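Each of the next two complexes has chain A plus one more chain, namely chain B in the first and chain C in the second.
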Partner chain A sequence: MDITWDLFVNALLSGLLLGGFYAATAVGITIAFGMLDIANIAHPAFMMLGAFLAYYFNTWLGVDPLIVTLVVMPFAFLLGRCVYKLYYQAFERRSDESLQGLAFFFGVLFIVEVGLLLVFGVDYRFVTAPYIGPSIGMGPISVPMRMVVPLLVGVGLVISVQVFLSRTFMGRAILAVAQDREALRLVGVDPIWIKEIAFGIALATAVAAGALLIIIQPVEPSVGRDFIGRVFAICVLGGMTSLGGTVLASAIVGVAESFTSTFAGPSWAPAVSFGLLIITLAIRPSGIFGR
Partner chain B sequence: MRRISRRQSMAMIGPAIVSATVPALAQSAAAPIKIGFGMALTGGLAGGGKAALLTYQIWQEEVNARGGILGRKVELVYYDDQSSPATVPGIYSKLLDVDKVDLIVSGYATVPTAAAMPVVMQRKKLFVSLFALAVNEQFNYPRYFQMQANGPDAKHEFSRGFLEVAASLDPKPQTIALAGTDAEFPHIALEGTRDNLKKYGFKIVYDKTYPPSTIDFIPIMRAIKASNPDLILICSYPPDSSGMIRAAHEVGVTARLFGGGLVGLQFAALKAQLGPLLNNIVCFDYYVPEPTLKFPKIEEFLVRYRAKAVAAGVDPLGLYIPPYAFAEMQVLEQAITAVGSTDDDKLAQHLHKTTFKTVVGDIKFADNGEWAESGMMLVQYQNIAGNDVEQFKQAGKQVIVYPKQFASGAIKSPFDTVKR
Partner chain C sequence: MSATTNASSEVPSASAVWLKRLLGCGIGAVLIVLLFAALDWTGTDYAYLAAYTVVQFILLATAWNILGGYAGYVNFGTAAFFAIGCYTTVFCYKAFQLPLLATLPISAVLAGLVGLGTGYLTLRLRGVFFSICTLAMAVVLQTLVTNWNYVGGSRGAYILRPESVPLFGSYSRFLFAIMLAMAIGSVLLARHIERTWLGRGLAAIRDEELAAESSGVPALRLKLIATSLSGALMGLAGTPFPYFITYVDPTTAFSLNIAVNTIAMPLIGGTATWLGPVVGALLLGIIQQWVTVTISSSLNLMIVGVLLVLFVAVAPNGMVGFVQGLRRRKA
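For the complex of A and B:
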């Protein structure tokens, strides 16, 4: 195949659009795993929860999936706080978080998935919205709106979380608990409460990412499992605690997958993106922006 | 003290033994016929798997209402294979070793069926599969039978209709792009396509597969478009069938013929979702409600199936897998009744030499377990308006364009995208 200029630019744009979506999916893992050391394997299942909530209200009431997301996110935050409380009481308090905690989140993943199966069935579900279907064309370059909207929302989500973390007392406390939990306790802040808030935020972003996913493609309850490897890889590649790193890593993975799919063959895409992860970690073990 | 003679003691013990064993004998005579299988109840294949399971349950209810088979009720023993081949060997080992089922059948589709074959062959079990493409081509297992109307040469039959119709277009197309998922069925179907292309002479300008976890199909469609093919043949599973069609419209792909092996278009969920995006796409199918294709009892079956499908949360149309899943059980029922037992060897011999009457017509198996005659068709979606699934119950929406004896309309070419 000849590498033409418009094919190159279209592939780059597709990759960046995909990267924007990946950033939205990975920001919650950056908070939970990168900052709080909680290996939340159930993160993709909560994405599916968000996707199906968007489907339900879109089908039942005709509400735009993005509006559903805005309404549902506070409830997801509360749910995240409850999940963390349970996790803390059962495992973290007894320092059993490593293996037992992992098993806990596997269990949560299956419970959420099976719950969605029982309620919604196994068929692929999709949403309808005015921006699903049309493309924006500029000469030989065209981008589908169903990829542009997740990019814009994903970037907005990451920026919002970054502003919260850097400009608010609670946000700085979350960054502090990631650095030194005991030091935070010494200045009079309860690190457990801070982690609870942070985990709630992580879950809220997962639910938002799910709504973006169902805009991009139809979903069924087990689709989330396809993302487990990717979201953790992006978090690690970005440097674990850095949201900027997460965004850059998402863009790298998205562009790598897009270029590989276009020019070399889609079968190679996962190998290239995970290969980049391995190379980056070999050169810089802490990740792109890790300390 | 009077001694009890041996004869007297036998006279006392004998009835006790007999009365103890009669209930056991009576119970073993009424023991159910257990049919075991793994089935995709979750995962990407679940749309078809759950419809198949519902169909088996409908058949089970009807058979048991008639008194069962050979006076024995039928019991279904099944586990969710999660659309993953990794779970399948363990499931079938459990079915045979722990659940002690009498017979086993496959789950839905090629991937889980292929994964079960080593266990099946090791245990020398009869194995009837459901919609598994050319699985027995490598194994040549004599007790394997397939419930999908692919004909004896399944691997090549899949693309034959598409290529025959393409070759009939005027002017004759020159180039073809091939794409498919990295999975068993697409691999086999594309292999058969490449063999077939030697006869038809189309030049392959794009030939790549993609991982099942692909989210964004735009780069793939762009690359296909850049290769400028006259024909585009895709072999895919439901999530990627939807993704590829959407991407084709978004990228602005045109081709003289587009489609081929898109699994998923046969299900109501994708028909409703894609609606007019399906127009002029061609795809394989086995039964569509066209006036040129009539199976005697199929409409009755569809009424019974549809009455339960909505409540069960499965495909409400039931045009694709359910009729064949029901036929599969009809074949087993007729074979067990004729043979008088569940002996795998006797049943296999009977299946090889018998023509069965089912809701999808007469079925006769070839030596390799595939159907002796192909019932595969190529249909083209035409005049689809809106996303209402009810329109697909009418004639004229899924027009049969191949083979000629069932053709219900002319092919429309080219496939062009909906510009939005």
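For the complex of A and C:
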């Protein structure tokens, strides 16, 4: 295949757009896994929950998927707090989190996925919105709007989380939990409560990312599995705790996948992020930004 | 079971040990004959196919437990090892028309090597990374197989199975016999590991890896042995599968259902001993066969998921641990 300039630029551009969306999917994992040390492999399942909620209200009431997400996010926040409470009571308190906790989230992943399967079936579902369909073109390069909107929302989401973490008391407390739990207890803040809030935020971002996903492509319940490796790859590659690293890693994974599907075929794309993850873990487990 | 627990608490004479073993073998042989008689009595091939699925899960659960239960490292990639077995069969069948029995050792070696490789890359890191990597490996392998046209690619491949096998009668009966033999072998192996240096070393790693390492347990080497053994057994479990369903495609071979069942069974049964995975596999396997026939197959996945979450949250030592706890309280 000829590698033309147009093809190259298009692949690069769609990779960067994809990266913006991936950043939204990985923010929650960076908080949950990187900062709180909770290996929430059910994160993508909650994304799918968000996607299907967006689908449901979009087809039923004709509401824009992004507005649905705004309404759903507070509920997801509460759900996240409940999930963390359960996780804490059952595992973290007994410091059983490694084996039992992983199995717990694996079970949760399955329950959410099969639940969606039983309710919505195996068909691909999609949403309708004014920005799905048209694209902006400049000469040979054309950018579909359904990719631009997730990029903007995704980046907006990451920036708001970053501002929240660095500017507010609660945000700084979350960062402190990531560094030293006991020290936080010493200054009179309950680390469990902080973790609960942080996990709620992580889950709310998962639901939002799901709505972005169903804007980008039609979705069926098991699509989430492709994101398990991807979000963890991004989180590890970005150095676990830094949101800036997460954004850069998302862009890298997005561009790598885009080039792979353009030049080797779309069927090879799923292996890219996993390959990156394995290579990162083998060569530099602390990621690009790790110390 | 009871005969062997007594053996470990006191030191009986060598002849007594052999007598007990002989007795165990005798009882086992009678049970196997009775099992075959019962399955023959139903008069359908379906009974063998259902029994095959249950026994396959005993093998998978026992294999998983060698690493997961004894050393505490969660392998989410069961489906990958299983699929290596499947596709070794497909490849050997297409390339050399190799019969099933000759394919088994090849699969075991290949799956064991993949286990060794994955372990070597990730077992030096924290356990979580190993778990995530096993998930990742399943997807990488699935992508490779999907793009490998020789073994059918995403379209899948057909396997023609012989009508019957001498000595065994129908082919389903033959497949069941092979699977049963491998499952019994794996349980004996797990029991043996539990009682030797390997099992004790792995248990030390599970309880406190740093402490184990600093008191001279060669942690990485033991973990690599466990990963390779576990992977090889999972590969063996997948090898007869193409003959079992006569058609494999990547989605079936790499199905996440295999992974979730394999994790749920030991955790529900109990991970500390060889008995746990067997109990879990029998229980979940039989429930699922029953639900699939009577209600629907997506519901039975829901049941597995809910049971898994319930058990890890409420009874972290599984059914075997629960029963042992009751007994201890009584005593």
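We adopt the following convention: the second predicted complex is superposed on the first by the 268 of 291 C-alpha atoms of A that agree within 3 Å, B and C clash if a C-alpha of one lies under 4 Å from a C-alpha of the other, contacts with A are read in each partner's own complex, and residues count from 1 in each chain.
Here is the rule we go by: a contact is a pair of C-beta atoms (placed from the backbone, for glycine too) under 8 Å apart; a residue touches a chain by one contact, two chains touch by 3 or more.
All values reported here derive from a predicted model rather than from experimental measurement.
By the document's definition of touching, both partners, chain B and chain C, reach A:L117.
By the document's definition of touching, neither partner reaches A:F75: not chain B, not chain C.
Once the two complexes are overlaid on the shared chain, A:D226 sits against chain B and chain C alike. By the touch criterion stated above, A:S267 is placed in contact with chain B and with chain C alike.
When the two structures are aligned on the shared chain, A:P134 is found in touch with chain B, with no touch to chain C.
Contacts of A:L277 after superposition on the shared chain: chain C is touched, whereas chain B is not.
Shared-chain residue A:I41: touches chain C; no touch with chain B.
Once the two complexes are laid over each other on the shared chain, residue contacts for A:F8 go to neither chain B nor chain C. Overlap of the chain B and chain C interfaces on chain A comprises residues 114, 117, 222, 226, 265, 267, 270. Remark: chain C residues 68, 72-74, 76, 121-122, 125, 127-129, 131-133, 135-137, 139-140, 142-144, 146-147, 154, 256, 260, 263-264, 267, 271, 298-299, 301-302, 304-306, 308-309, 312-314, 316 touch chain A in the complex. Across the interface of their complex, chain C is touched by residues 39, 41, 86, 90-91, 94, 96, 98-100, 102-104, 106-108, 110-111, 114-115, 117-118, 222, 225-226, 228-229, 232-233, 236, 265, 267-268, 270-271, 274-275, 277-278, 281-282, 285 of chain A. In the complex of the two chains, the chain A residues touching chain B come out as 1-2, 4, 7, 10-11, 14-15, 17-18, 21, 113-114, 117, 120-126, 133-135, 142, 144, 146-147, 216-218, 220-223, 226, 257-259, 261-263, 265-267, 269-270. Chain contact summary for the complex, chain B toward chain A: residues 41-44, 46-47, 49-50, 82-83, 182, 206, 208-211, 213-216, 218-220, 222-223, 226-227, 238-239, 242-243, 246-247, 249-252, 267, 269-270, 273, 313-315, 418, 420.
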